[in-house]
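Below are two complexes that have subunit A in common, paired first with subunit B and then with subunit C.
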Partner chain A sequence: MVTQPILKISHLSSSFKSGHNYIKVVDDLSLHINPGEVVGLVGESGSGKTVTALSILQLSNCLLEGSIELNKHELIGMKQEELRNIRGKKIGIIFQEPMSSLNPVFTIGKQIAEVIENHEKISHKQASLKAISLLENVGISQPDIRYHEYPHQMSGGMCQRVMIAMAIACQPQLLIADEPTTALDVSIQSQIITLLKDLKKQYNMSILLITHDLGIVAQLADRVAVMYAGQIVEDAPIKEFIKKPEHPYTLGLIKSLPGKHKHGEKLFSIPGTVPNPLSWPNGCHFHPRCSYVEDQCKVNNPCLFEVSPGRQSRCFFAGRLPDEK
Partner chain B sequence: MNKKSYRHFIFRKILHNRLALTGGIFIIILSLIAFFASLIANDKPILVIYQNRLLLPCIYVPQDLKQADWLNIINKSDFSISPPIPYSPIGVNLNECLLAPSPSHWLGTDENGRDVLARMIHGSRISLQVGIIAVGISLIVGVYLGAMAGYYGGWLDSLISRFIEIMMCFPFFFLVLAVMAFLEPGIYKIMIVIGLTSWTGIARLTRGEFIKIRNEEYILAARCLGLSNSKIIFRHILPNAIAPVLVSATFGIASAVLVESSLTFLGFGVQIPTASWGEILSQGHKYLTIAWWLPLFPGLAIFLTVLAYNLLGEGLRDALDPRLTGSGDSW
Partner chain C sequence: MRSEILFEAKDLKKYYPIRRGVFRKTVGYVKALDGVDFQIHTGETLGLVGESGCGKSTLGRVITKLVGNSSGYLSYDGSENLLELNEKQFRKYREKIQIIFQDPFSSLNPRMSVGDSIAEGLRSFKRLSSTEISAKVSELLESVGLDPDIGYRYPHEFSGGQRQRIGIARALAIEPQLIIADEPVSSLDVSVQAQIINLLIDLRKKYNLSYIFISHDLRVVNHISDRIAVMYLGKIVEISSSNQVFNSPQHPYTQSLISSMPQMDSEQSAHISPLKGEVPSPINTPQGCRFASRCPRVMPVCRKTEPILEEVTPGHSVACFLYKNSKT
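Moving on to the complex of A and B:
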């Protein structure tokens, strides 16, 4: 039996309006997430990860083309009221900056209870009881006391736990985690990762993990999709991806990870910088920085195609790249 | 950090600001005077035991005593407590016209022999009501329009902003005067007219705050959690935006008090014999040369009230603006 993906994005492109022009920041993006699967969406700053996340929720202020299906329901063009029933209920989201993602004038408990009351027919009392048990669930000690505290009284890690509690309050099928650990220090990072792992099992939800940290993806994700300049360049199961990348960009990323290099040796880096969305190159977006570039790369932009079962790459040389390890 | 640390911080800063504190205390005392006006200045006793009946004539007068001579009753009664100022604001006594301030009439009497202090105490009700009701109306209109413009932006923002600018082009006082000229004089009409013409500043301030806050991450988070626009506007943005708006409303109260006095002085406000500060001033200016106390005391009261509101508003503004935090006073 083939499992139906929870979320299926096909050929999505998002463009911001700037004056009379549209600036494309996400281009021909296709991605699916199966039930219970953790998909890592990796990319540099400005590669379109967050815009993708907000596009899924129809909150990106972009012109969207293509299709985003949640359980076979098309989200693009859906009515605002229906969308509100999906946001927070079917899809939860957590952000990069936990401190600024909570409203400073309300207690954290009130904010969680509000989400529950918004989506479920439930009395105020029951909602606050549920909020307390959620706080306990995300590992906050003394949840009944913390319920009455304001965001500024908590540390960043605790705020992120509160954000997670809000995101999972209505048992969403999909949790979008937009760089959930970037603003936290390393020891808190690993705690949050462990928490996300536990919650995923407990609630049997899928997670779209957006990050630029390959280490976190390796710990948590089943599959990884790498974005470069608005496009997905490679989509592969995490183990195979680390063993043998099928795109020159991801090859470069893996090579630049510290670990294999000799002591005192400089880390590898890909030459050049990420192109600005205003001036994406013709042909393959990566070709100006690619060491395998050929004439066809400068003219034609390759599609995302299947290299081997479950693996996709956007490179003419996929499957033929030299194994540099 | 204790639970209400931010509110505590603001409160402490106001307490440390002597001028703002004075303004606040003055307004509290004035509110108490206005609230208990009929117990402070009245020709009826506060409490009297008369023919074995316990009466509170300041609050309720029984049917059979409507025409009674209270002075007579007080003399005959076993026990009575009289108000500290035993004159009614409308009690005409032509034997005591235009008396200068004296121990029996602390602030003198007017041309009809009415006690000026009693009239001023009852007039304080009008001044406070004008301030609060007029600013309440302008807060409702201004915050609502400003919130819509700031939150939704686009053509709605352009429409509301242009409307605000058109309203601001009219000189405020003459707009109120022109509208009042078409209406029958009356104090509640003045309050409504002041409220409906003075909301522009509040609307612009609210719009600015909303534009700033709608781009905060927690508002995006609220939208991602599926909250409706009205919940986001009124529950999530408004509490964050209201502080500077309230500061400006405090100044608004001061200006409303002043406008009401001016309008009443010009004859558009309360009608005889109701007392208000502007009305005493208006009646008194005719006797300026022979009865200096008539314009002086209500003028002083208006001046002090406006000053008190301004001091309080300034203190509130300083307390809410962290950039103006004085040296050594840290979070």
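Moving on to the complex of A and C:
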């Protein structure tokens, strides 16, 4: 039996208007998320991860092309009222900076209860009781007292827990976590990862985990999609991905991690820098930095194709890359 | 290989007063550094790790005297106490100690060309003609892997990695011996981080530099450092060779820090429970051991008296009662 994906993105392009031109930030992105699956979307800054997340919920005013289907319902072109029913109810989102994404003038309890009241027919009192139990669920001690506190009274880790409580308040089928731990310390980071793991089991949610840290993806995700310059360059189950990446960029990323090297030895590094969306190179977006580059890469942009069942790569040499470990 | 001590700090303290009310009366102190001791040998790299708010950046700034009013003892190459010198007397040490800042976007003056930024130190410390200066600037740019002819361009024209290279060139300009690198790679993209770390490793060899490498990324620190000091709430809780700290950490805090690092290729960290709670405020540090409130192996003695940093095995010092008891 083939499982129906919860979210299916096909050939999505997002462009921002700049003067008379449109600048493409996400280019021909296809991705699906199955029920109960955690998909890691990895990439460096400027690769289009966050724009992808915002495009799914249509929270940014960019021009969208392609299709985004949630349970077979097309989201692009949907009316605002219908979208509001989906945001927060069917799809929850956690933003990167917990301190700045909460409203400083309302108590955290009120902000969580607001989500519940908007989406469910429930009295004010019941909503606040539910908010308190949610706070408890995400590991905040003394939730009935904390309910009445403001964001500035809490630490970064606690604010992130509040954000998570808000995102899961209506038990969404899909949770988008945009760099949920980037602004946090290592010890708090591992607390949040454990929390997300537990919640995923408890609510049977799918999670789209956006991050630049391969270590976090390895701990949490079932499948990983790597973005480079607006495109997905590789899509693979996490274990196989770590064993043998099928794209020169991901190969370079994994090789450049300090853990793989002898102490004090020079690290492997990818030359050059991430290109700006204004000046993506012709052909394969990665070719100026690639060590396997050939003439065809400079002219033709390869499409994402299946290397082996369940694994996709956007490279002419996928499946034929040398095993360098 | 035991080389001479280049730099030494003893009982370094920096308290920031908290002032309230009309008369700005001091009502308390933020104890950013509360008695830090360490030594650095010539050509050695000391890694400094800890979570945000533990005082690592303050330490870098106290050493370079970018913040004043600190107490304790600092000596460079056997000199007198640097903290007691006035700015004029300290000037000759400024040449020797330089700092690379965390954020390459805000640490370069946007209205100064890159060449001028790099030459600033040369102009104030070295007596050089303008042709010598421009030759030196080109040489520096080349040594950090940039095109030598870009001196006339401005910071906004460069990417983060390139700006960090400029920051490094700037620190190197007056030929220092000790460089404090305050989170030099944490604001850079992953694929660029490795380039900058390689550059720092190359420069260390080329100029026989010593580094104090401040970072919260344990893997990066472990890679580049000879010794690592772990800080918690203004104190060093463990200091030893990087191999020791990384592979056989002794202090419960170091142990949990290392186990909470996201691992790439194993589930080994899955069974270790993450550290509970958060770093307490440095305003009212608890009596006894600072880590007692989060420590998984806390004992009654930890809440009463504060452990001091003591050698457990040669070259490996830990501030924890667990090891004191086992010895006596």
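Please note the rule applied: the second predicted complex is superposed on the first by the 325 of 325 C-alpha atoms of A that agree within 3 Å, B and C clash if a C-alpha of one lies under 4 Å from a C-alpha of the other, contacts with A are read in each partner's own complex, and residues count from 1 in each chain.
To be clear about the criterion, contacts are C-beta pairs under 8 Å (C-beta built on N, C-alpha and C of every residue); 3 or more make two chains touch, one makes a residue touch a chain.
If you're wondering where the values come from, they're calculated on a predicted model, not measured in any experiment.
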item: Partner chain in contact with A:242 - subunit B first, subunit C second, else both or neither; value: second
item: Which of subunit B and subunit C A:4 touches, first, second, both or neither; value: neither
item: Touched partner set for A:300, first subunit B, second subunit C, both or neither; value: neither
item: Touched partner set for A:191, first subunit B, second subunit C, both or neither; value: second
item: Which superposed partner A:142 touches (first subunit B, second subunit C, both, neither); value: neither
item: Greater subunit A contact set [subunit C / subunit B]; value: C
item: Contacts of A:282 with subunit B and subunit C, given as first, second, both or neither; value: neither
item: Contacting residues of subunit B [partner subunit A, same complex]; value: 1, 3, 6, 216-218, 220-228, 231, 235-236, 239-240
item: Touching residues (chain side subunit A, partner subunit B) in the complex; value: 57, 59, 83-89, 92-93, 95, 97, 100-106, 114-115, 118-119, 148-149, 152-153, 163, 166-167
item: Touching residues on subunit A, where the partner in the complex is subunit C; value: 44-45, 155, 157-158, 185-191, 193-194, 212-216, 218-219, 242, 252-254, 256-259, 261, 263-264, 266-271, 273-274
item: In the complex, subunit C residues that touch subunit A; value: 51-52, 159-162, 189-195, 197-198, 201-202, 216, 218-220, 222-224, 226, 242-243, 256-257, 260-265, 269-270, 273-276, 278-279
